[in-house]
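Below: a set of structures, written as structure tokens.
Next come two complexes built around chain A: one with chain B, the other with chain C.
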Partner chain A sequence: MTIPFSLYAPRESGLHKLHPLTKLALAGFVALCALVLPRAASYLLFLLLIVPLALWGRVFGRLMSAALRVALPFAISLLIIQGLFWQTGPILARVGPISIKLDGILFAVSTIGRILAILSSFVLLSLTTRPDALMLALSQRGLPDVIAYIILTTLQIIPRFQSKAQTIIDAQRSRGLETEGGLLHRIRALLPLVVPLVLSSIVDIEERAIALEARAFSHPGTKTSLFDLSDSLPERIFRWSLLAIALIIVVVRILTLRSA
Partner chain B sequence: MIDVQNLSFSYAGFPGMALRGITLAMPKGQLCSIVGPNGAGKSTLCYALSGFIPHFYRGVLKGTVRVSGLDVAESSLGELAGAVGIVVQNPFNQITGARFTVFEEVAFGLENLGVPRDEIISRVAESLALTGLDSMHDQSPFALSGGQQQRLAIAAMIAMRPAVLILDEPTSQLDPIGTREVFGVLRRLAADQHTTIVLVEHKLEWVAAYSDRVIAIVRGQIVADGTARDVLTSDLIEEIGVGSTRLTRAARLARAQKLVDSQAALPVTLVQTIDFFEQKDR
Partner chain C sequence: MERTSPTARGFRGFNTLTWVMIPVAIAINIAIGQLVYALKIPLYLDSVGTVLVGALAGPWAGALTGLLANLVWGLSGLNVSYAPFAAVAAVIGLLAGLFSESGWFRKIWKVLVAGLITGLVAAAISAPISAYVFGGVTGGGQDALVGIYRGIGLGILPAAFAQGVSSDPLDKMVTYLLVWLIIRALPLRFLMRFANGELVRGDEANEGTSAGSTVTPGS
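Up next, the complex of A and B:
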């Protein structure tokens, strides 16, 4: 089974077996800490929380490659821009009129840590949690079914939409539509592609709405679930403790900032 | 099970009546096929029986439709969903997209109905086995072929065990083997679970072999109603453009050429045809 637009990596691990809300709470906790605590703490969060969790979930390699792919462009541009344009502080190196400032580099490095911590916490969540399990957990906590449906179906419909667009392009080209050439030509070719795509999608939506109703989507009464999302007392306690710690961190941080 | 009284309907924004004065009763466990030319109102009747008319498609509705004890116009689609199942024409658009595997897709309707987990699992496995999809339970529903998606749509409805099942051209994408499987499943549902089945179908040989009853519709009106043999061999059915089975045509030709006794009733199934040519009266 593959889930489009999802990083989910099926593994037999304790992290995978945790309740989705526990993992969501962890990701949220890491993100909050990274935002609230001094920037340099982000590296500690990454090393002491995310790396061990990723190893536990047996997705360390996947996490690093996904996180680096996204974070690296940010890191490079941050280093260049902050290093070159920082106004004050000691100069690390000078090349002609360009000077690299130490403080700028430090700022960039700490910001990269923040990005890395926040990004990798949510990548770790997606790697170890099926999107439908997460949506189920959230709807059991009061998220409207319609919103859960929209999120899940979007994952699946977009690839179908792309393949339909390709079918229409092929069909129109076989009827002699020129889709290549100059800019004006391409813009003119857009209309015969967009109109059938939009119209047929509207028809699809109508039929899919019927299909949903036929599957008792708006049936009154409580729904059940094929998945057994096992939640345990220790996990509940853990989530509440995370929330409590997060609150304490925020309060302490506000107080220390005031007194500073 | 199904009780329709003087039903008329016209779609909002379209002139003319889609259904005119339909009165119809169907007992439990009957497999009734609807035939008729394109635009006769077959799909409209399907929607009216399942509540999508008047709840989804707006228009002017007259008369009453009662299905498994519910007044369709008075009940919400959510209430009707457990009682009436519908499989519509385009198999691709009947995949909800809410679930990632074939197994979960079939389970989706049962989850919405609040069926306990153990029962969901056994019912889904059963309907996947019935429709020959059990080997694909772990695949993405979107990765299936048209015919497999069509069987998936049927499996999803069977699993919900509605008292009334309405199918609008459920075999349009199926090859003869798939068609036979689907008709076999429908026959078994009617016999074993006493499901009332309304089937819109163009494949007349299959209709003739499996239906308890055949209704012909033209321009929104019922023009013939009876056994497959009565309805499908009538001159009327040729006139309205539905045509006849190959078996009926062969027998008609044989009679025209005076190869057989002209008194025998025209056949619609293979067994009847053999008897017809052997000039036996069953």
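Up next, the complex of A and C:
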């Protein structure tokens, strides 16, 4: 089976060998904590959970470059916008008519932590888990097979669509379509690109539907998989404890918010 | 070896064509999103496929397409920051299905109004997510707007909402217009295999076909 288009980085590591649901539970745990705990606590989550796990999975470099690539534009916007346009609080520095507010910078820095923790938990899961293994694990726990089919098929056809889009751009350009110039020009160029892309992909939808039907796609019975996943009792216990801790954190957080 | 769960029992009314259409629609979202980016057009246009599925196969298929599309944006590593907005994408697909079932895809002015409404709803749901998760910024060119709204004294959530209201309606109107044009370019034989196939064609096309004769029943 070909590995679908994804972030997955194959490595020989203990993290990679864990059951997909264990990694999903870890990622979900970090994301949930980053959402419900105070923003600044996200840095602790990142340093104490994400970084050690990434090192264990030998994907630290990949994780940092992928997470920073997404988080950096947010970080820049946050520092500029919330730093300059925060309405209240003490002024940190003043340059001509512009003043940088302390509270705005603090908000920006703590929010960057939240973004970093949430995005990196997702990236860590994608880096260390094969999408097909994750989907198999989820469908063994009751996720409908069609959902797994959709996600895996999509990941497989994305590269084909990207090259198809490039082919259409090249073809239309060679026929004289202007893809540069004023905004109106570029918007007008959109239609001759979008319509062939959609129409050509629609053609093979029907063929694929027939091929799937011939292979009992919508048959209601149970199906078996060639792929075997290993799960262990300690991992199961670990997942249930993570869930329990997450519940406790959420409940405590709601109670303290109400009393505050 | 463990056995997998029964297939698709909870999804009556979705035929195989719908299931096959959804991955293609998600790939269309991504490909057009990147096309728009390559042409440097200041719009997203990243939900053309979602609206198309909603229009053809109904609100639930549209909602599912939107939801999974944003998860795939994340899983594929193309744009991880889309994943938190999966609920917004689901509502966009749901609305497209509801508009289609009300016959709004038949007239172009209704298509544009539907896009406008979808844009306003999308702005309203994405603002709290943007404010809570991302501190109210988008990490893109729209942040110039966020800066202006913060500068005139709006709070983080109102500024995020104002930014959405300024850019989402136009984006969704162009999206709906594209879907309307695509539907008109699709072969009638293909449209009629979807649940709402006969609801999305213009009136002139409906007069020529006997309604429902070629619709395949849900599998």
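What we mean here is this: the second predicted complex is superposed on the first by the 211 of 260 C-alpha atoms of A that agree within 3 Å, B and C clash if a C-alpha of one lies under 4 Å from a C-alpha of the other, contacts with A are read in each partner's own complex, and residues count from 1 in each chain.
Convention: a residue touches a chain if its C-beta (ideal position, glycine included) is under 8 Å from a C-beta of that chain, and two chains touch if they have at least 3 such contacts.
Here the structure is a predicted model, which means the values were calculated and not measured.
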{"item": "Contacts of A:Ala214 with chain B and chain C, given as first, second, both or neither", "value": "first"}
{"item": "Touching partner for A:Phe107 - first (chain B), second (chain C), both, neither", "value": "second"}
{"item": "Chain B versus chain C as contact partner of A:Asp132, first or second or both or neither", "value": "first"}
{"item": "More chain A residues in contact [chain B versus chain C]", "value": "C"}
{"item": "Contacts of A:Thr222 with chain B and chain C, given as first, second, both or neither", "value": "both"}
{"item": "First, second, both or neither for A:Gln172, with chain B first and chain C second", "value": "neither"}
{"item": "Partner chain in contact with A:Ser99 - chain B first, chain C second, else both or neither", "value": "neither"}
{"item": "First (chain B), second (chain C), both or neither touched by A:Thr153", "value": "both"}
{"item": "First, second, both or neither for A:Ser13, with chain B first and chain C second", "value": "neither"}
{"item": "Overlap of chain C and chain B interfaces on chain A (superposed complexes)", "value": "149, 153, 157, 160, 208-209, 212-213, 217-225, 228"}
{"item": "In the complex, chain C residues that touch chain A", "value": "1-11, 14-17, 19-24, 26-28, 30-32, 34-36, 38-42, 45, 48, 52, 64, 68, 71-72, 74-81, 83-84, 132-140, 143, 146-147, 150-151, 153, 156, 178, 181-182, 185-186, 190, 193, 219"}
{"item": "Chain C-facing residues of chain A, complex", "value": "5-7, 35, 66-67, 70, 73-74, 76-78, 80-82, 84-87, 107-108, 111-112, 114-115, 118-119, 122-123, 126, 131, 136, 139-140, 142-147, 149-151, 153-155, 157-158, 160-162, 164-165, 169, 179, 183, 186-187, 189-191, 193-195, 197-199, 201-202, 205-206, 208-209, 212-213, 217-225, 228-229"}
{"item": "Parts of chain B lying in touch with chain A, wherever the complex brings them together", "value": "50, 52, 56, 76-79, 81-82, 85-88, 90, 92-101, 103-104, 107-117, 120-121, 124, 138-140, 142, 153, 156-157, 160"}
{"item": "Of chain A, residues touching chain B in the complex", "value": "1-3, 130, 132, 149, 152-153, 156-157, 159-160, 204, 207-226, 228"}
